[in-house]
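In what follows, structures are represented as structure tokens.
Below, chain A partners chain B and then partners chain C, in two separate complexes.
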Partner chain A sequence: MSTRPRPPLMPPIVRRLVRGLGMPLGSVLLAFVLGGLIVAATGGNPFSAYAALVCGGFGIGCTQGENPALQISNTIVFVIPLITAGVAVALPFRAGLFNIGAEGQLLAGSIACTAVGIKFSSLPAPILLPMVLISGMVAGALWAGVAGVLKATIGAHEVVTTIMMNYIAQWLLRYLIIGGPLQLAPGTSKSSPIGPGARLATILPNDNSLIILGLPSSVFRVHTGLFIALAAAAVFAFLLWRTSLGYEIRAVGQSQKAARYAGVSVRRTIIVTMLIAGAFSGLAGAIEIAGVDHNLTDKYFSDTTGFDAIAVALLGLGSAVGIVLAAILFGALHAGGAVMQADANISGNLVFVLQALILFSIAANFVGAIRQRIPGLGRPTALPPEMPPAAPLMTEAAAPPAEA
Partner chain B sequence: MSALGDILHLLLTANLWQATLAAAVLLLLPALGGTISERSGVVNIAMEGMMLTGAFFGVAADLAWQNPWLATGVAMLAGALMASIHAFVSIQFRADQIVSGIAINIFAAGLTVFLINRIYGLQDVGHVGQSALLPNINVPGLDQIPFFGKVLFQQNVIVYVALVLLVLTHLVLFRTRLGLRIRAVGEHPQAADTAGINVFAIRYGAVFTSGLLSGLSGAFLAIGISNTFVPNMTDGRGYIALAAMIFGKWTPFGAFVACLIFGLGQAIYDNNSIIHVSPYLLSMLPYLLTLIVLAGLVGRSTPPAADGLPYVPGSE
Partner chain C sequence: MVHKRFKFLGVAAVVLLMAMACGGNSGGGNTKQYKIGLVTDIGGLNDKSFNHLAFVGLEKAKTDFGIKDDVTESHSGNDYVPNLTSFAQKNYDLVIGVGFLMQEAMGTVSGRFPNIHFAIIDGAGTDDKGNDLKHANVQSLYFKEQDAGAMVGVIAGWLEKNSKAKKNKHVIGAVGGISIPPVNHYIAGYKWAATMEDPSIKVLVGYSNDFTDPAKCKGVAQSQINQNADVEFQVAGGCGLGVLQAAGQAGVYSIGVDADQKDADPSVIASALKKVDVATYTAIKNVVNGQFQGGALTFSIANAGAGYQVDNLSVPAELQTELNSVEAKIKAGTLTPPADIP
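Take a look at the complex of A and B:
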């Protein structure tokens, strides 16, 4: 009998890669398997459903004559606000704050962007475009700032306050465009369009006669907001790892007590973190108006971008690259949902089921639990240590953070 | 007449208060569920999803069997099954309870529409006939009392059930050994465990109960107040219930007072023909009021000490 330890099944470098990507990829895989079982259990064909989803999301393997380039363009349109709002959830995570108010902040941003874009509609683009984007950021920052100030001064839990602010924003939006000052005309539920100078250009020329990849180039809605979103992700990474504010945010997230001893003002950091997060969410809303819709419509009543952003931030493990990758996944799912509905007769709402399953899997670390039972992989690594789970916050919620 | 006079006139009608109580009960049931769950130390923001699930399965069962009582049972069970997922991942796997709660809400919203599509195709879900709805019951004799008879004794059967459950929840939480155990587990699970209380069992039971109550509320909404299921028909009521729970400082009667205030807002909203304020602005009130309470303007609202903390046996 040999007592030698068994050699590992995988070389170290592969093992490290698996550990880094294992949790998110495993969670997605698990969600798709469970989702497939739900489809099969209700008499559907999961393989044709997923094939249509992949076609709709990535333009690969389409059988019903979908244009791959158009599908990718549609996916990117979804990805743009998901990256920007994902950052708005991930940044407070680093400070130990759970911002589930990205949706309300996003709506506040889209409302402000629209109001300014209508009011100053005659201004030229070089002035008006920055104006509408900045006003969206300011509105989002104020919306999140309420939660930040309440948390920092009296310890009101930010999860509850941001939920309340979400609904206040939703009802404000309905008021404004149904009977309120932004309503286009009686009987409609939309605002007038923003001025031409307030719009983000599409990446391909908006020209019906120009044919690109078999379609007029004007149908490709992918717009220059993509670069703003990528810049937002870069700013997030720079802020977090290369500035003293980022250090303070991470310090507060690891231990408020330790941060306080290190001379960090916990209250100030909490408020500033929420303000910046709100600015990112507000920017996401402003980009949606300036880049896609050009006016507020009832489509925003059922918008879920701010909630999808929570899944994006968690699946992306709170890193900039991870957020972009996770946003691509969820953007593809949302774009693919429509095709799945049309081609495979499976409701596009399966996408929300998959999203929820991914969230369950990440939150419970099912992958870690499964991996524990597989030899050769060693002990599971949970979330990266610099990303604190939100649960311990609950105890600190009872007491306002004291200043040293 | 002046707007103030209009409001005063409206406040004196029995119809308004009858509607207020019904609207309050719709919120009270999930608020009681949330209170029980959080008293045991499990944060529950999933009442919205559990209500929605209950509403869907209640309608589906009622359409299949034409029996509102059976349908209500199915709705409660469906809500409790959703709650079990929340309990399983957050108690067993020590998942973040807020993430799990959000996931339940997204899951319920997606699954119900997905199932409509699988079961009913592109058609509407269909309408439940009058005879298969949860009935209104007039209490003989008492319903003839001027004003109060209409408000208190001409109500849907679920209203009476909910008021009994309100008193029962209060008594169980604060007057029984079980209630003491639930609160002990929510305040200091380590100490409770040392005292021989099964922390996991208490928490599972509490979360399961929150699902039963939310499912019951979903049934009341779908086959009592309404007669069909439409996607996202709870429209944030589960979150208003969450607000009521906090507003009521994690006590059953406190939550009931909050539900009455929010219910009054809903009833005024429904009678908006004489009050010239946008119904959408009125709808903001529950959330604004809760923010004001949270801001400490009406006394502090503090959750149970171990609310949201997974219990690890043997930990400090």
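Take a look at the complex of A and C:
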């Protein structure tokens, strides 16, 4: 080793960026290579599969008559709830909490949004639209708050309680629209539609006779919820890095003991974190109702947005920009899967294989990150701030907060 | 910037024009190659039921008419609209949606593409209140499930009356998924025919409120078996596999639904068949022959679109005679199974 410090190869900002992007990009790349091998091993052509996937997700390089703008529009519709729910998973991550309950909170939000949107369906949009979105947020917050309070008071593990709350939400939804008070009519499995004032406008007019880019403009379903989702991501970043609450959340996530020593109320932080996270999830559910479906239907029985959001938050390394990028990837995979099946004759289930492989590679890197912390095994470097607190997730969060 | 944007629009326009050109005459020459798109519901192609049967019908049509067939599986309810739209905007000659769950999506998409022909198994194109929009470009492929339900009801009732079942306490059961018309039609025919065969019979009817999770149906079936039911009819898709298992474990008989479910469990003595393959094939045939018509097309015993299949049971001659007689009477219209549970 020379005594003179070597001049850095890259400016620090670039190096940070590369280090931050290396893990998720590597994970995605690895997943696609392995996925390609699986396709090839089962007799398919991975290149045509991925070409169709890119066409379906991003509208690039379509050869079979897909309308690029329509593909992009479809992707964005899937991306919107993923961003909002992704934030709801990422925020508790920062506090060392694992929110598996985004799905249940999302359902609670969609139920509340629908109930209010039906009950007050005659109100004008400027009053009703904020009402349905806020009621969705409140319902989601309460749903997650239960887990937060249980964690903070009796130490019930949030992984268990949020999973259980998912089931309660799913069955509550079933009851409400099959035989319950929200059911449209006997024999149906959906609710009445929400009032016109409760609906988020589509960006292009919802008009079957107006032709845009060769298609009726109503097929482009992108709605103004996109801006709400992006605002949610911005609020998340601001909250986390520019407010004292964000500092407390991060402090609790890094070390509950140190946070307590610094005068942070761990219990209060846990409860507040879960409330805010639930509000984001509930907002995602409300946006889906107000922007896409306009009523609760049986499609919510098979909805997995809240679970995909976990992968989005992990892949996005818990940062706002990362979540948006990861949501775009997952939304594109979702939209592209159908085109891949129709055009390349590769089962759309490959998309789930890819998602699982991405998660798997991230989880493997978690192990690497933890190993780095054990002296003698690797460089004793601290986790970069972009990383979600993996170690507390495995250890400290499992124990109830022992607050005096 | 401006150049780039124009370039993008130009490329998009060229791609679109090419697609339209191909769509109009993809085979080249005189014979047009028809393009048929099939969108499954969330059950997927390997559901051993509707989606699978629709695919069988599609494949048969491919062999017979040389069509270009493409399939897209839906993984969640979010996929119905984009999947139907995808085929429609590529100017397919017929876009088939499988299943009742897709009705609202079908109504939405068919309204956007009035020049594209659609067909939907077991439903119509509806608005968000569930009203049939009666779009002229949508053909509803309905089934008289009560016909198929009645045939297996004859088997169940006959076994009870002649003490050929397992417990012979004159109790049989039916487990529905969700209380929706197609499910209740099956149960109506089943109960009606069983009562016709054995007037002292008691038919237990339960719902799991689910079409996918076998555990939920298993619980409902077990409670019926505990009440002495010894023939269990499942009308709950993938969830209903739990009914067949519960019957097998309790040593009683079970009856499959929609497709032949002989292999699902040894307890399956018969299956009530909804011949989705016949319906799909017929819809495609009509398009190829230029005979597409909007509105309802109903499949029943009379046009070989519904029926039954005897599975793990050796049918006594008397029962077979009875089955043939009832089937003939339904075909002739002298017997009419009810659509609503009596």
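By our rule, the second predicted complex is superposed on the first by the 352 of 404 C-alpha atoms of A that agree within 3 Å, B and C clash if a C-alpha of one lies under 4 Å from a C-alpha of the other, contacts with A are read in each partner's own complex, and residues count from 1 in each chain.
Simple rule for what comes next: a contact is a pair of C-beta atoms (placed from the backbone, for glycine too) under 8 Å apart; a residue touches a chain by one contact, two chains touch by 3 or more.
If you're wondering where the values come from, they're calculated on a predicted model, not measured in any experiment.
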Overlay on chain A: chain C relative to chain B, clash or fit: clash
Touched partner set for A:Ser347, first chain B, second chain C, both or neither: both
Contacts of A:Ser189 with chain B and chain C, given as first, second, both or neither: second
Chain B versus chain C as contact partner of A:Ala40, first or second or both or neither: neither
Contacts of A:Leu150 with chain B and chain C, given as first, second, both or neither: first
Contacts of A:Arg174 with chain B and chain C, given as first, second, both or neither: both
Chain B versus chain C as contact partner of A:Phe360, first or second or both or neither: first
First (chain B), second (chain C), both or neither touched by A:Ile310: first
Superposition clash, chain C versus chain B, among 1-9, 91-99, 145-153 or 217-225: 217-225
Shared chain A contacts, counted only where both chain B and chain C touch the same residue: 174, 178-179, 302, 304, 347, 349, 351-352
Chain C-touching residues of chain A, taken from the complex the two chains share: 62, 64-70, 74, 77-78, 174, 178-179, 184-190, 192-193, 208, 213-216, 218-219, 221, 292, 294-295, 297-304, 334-335, 337-339, 341-343, 347-349, 351-352
Chain C to chain A touching residues, read off their complex: 12-13, 15-16, 18-20, 22-23, 37, 42, 70-83, 85-87, 89-91, 101, 104, 111-114, 128-130, 178-181, 184, 209-210, 212
Chain A residues within the chain B interface of the complex: 38, 42-44, 98, 100, 146, 150, 154, 156-157, 159-161, 163-165, 167-168, 170-172, 174-175, 178-180, 302, 304, 307, 310, 314, 345-347, 349-353, 355-357, 359-360, 362-366, 369, 389-395, 397-398
Touching residues on chain B, where the partner in the complex is chain A: 43, 45, 85, 89-90, 92-100, 102-104, 106-107, 109-111, 113-119, 232, 236, 239, 242-243, 246, 278, 280-281, 283-284, 287-288, 290-291, 294-296, 300, 302-303, 305-310
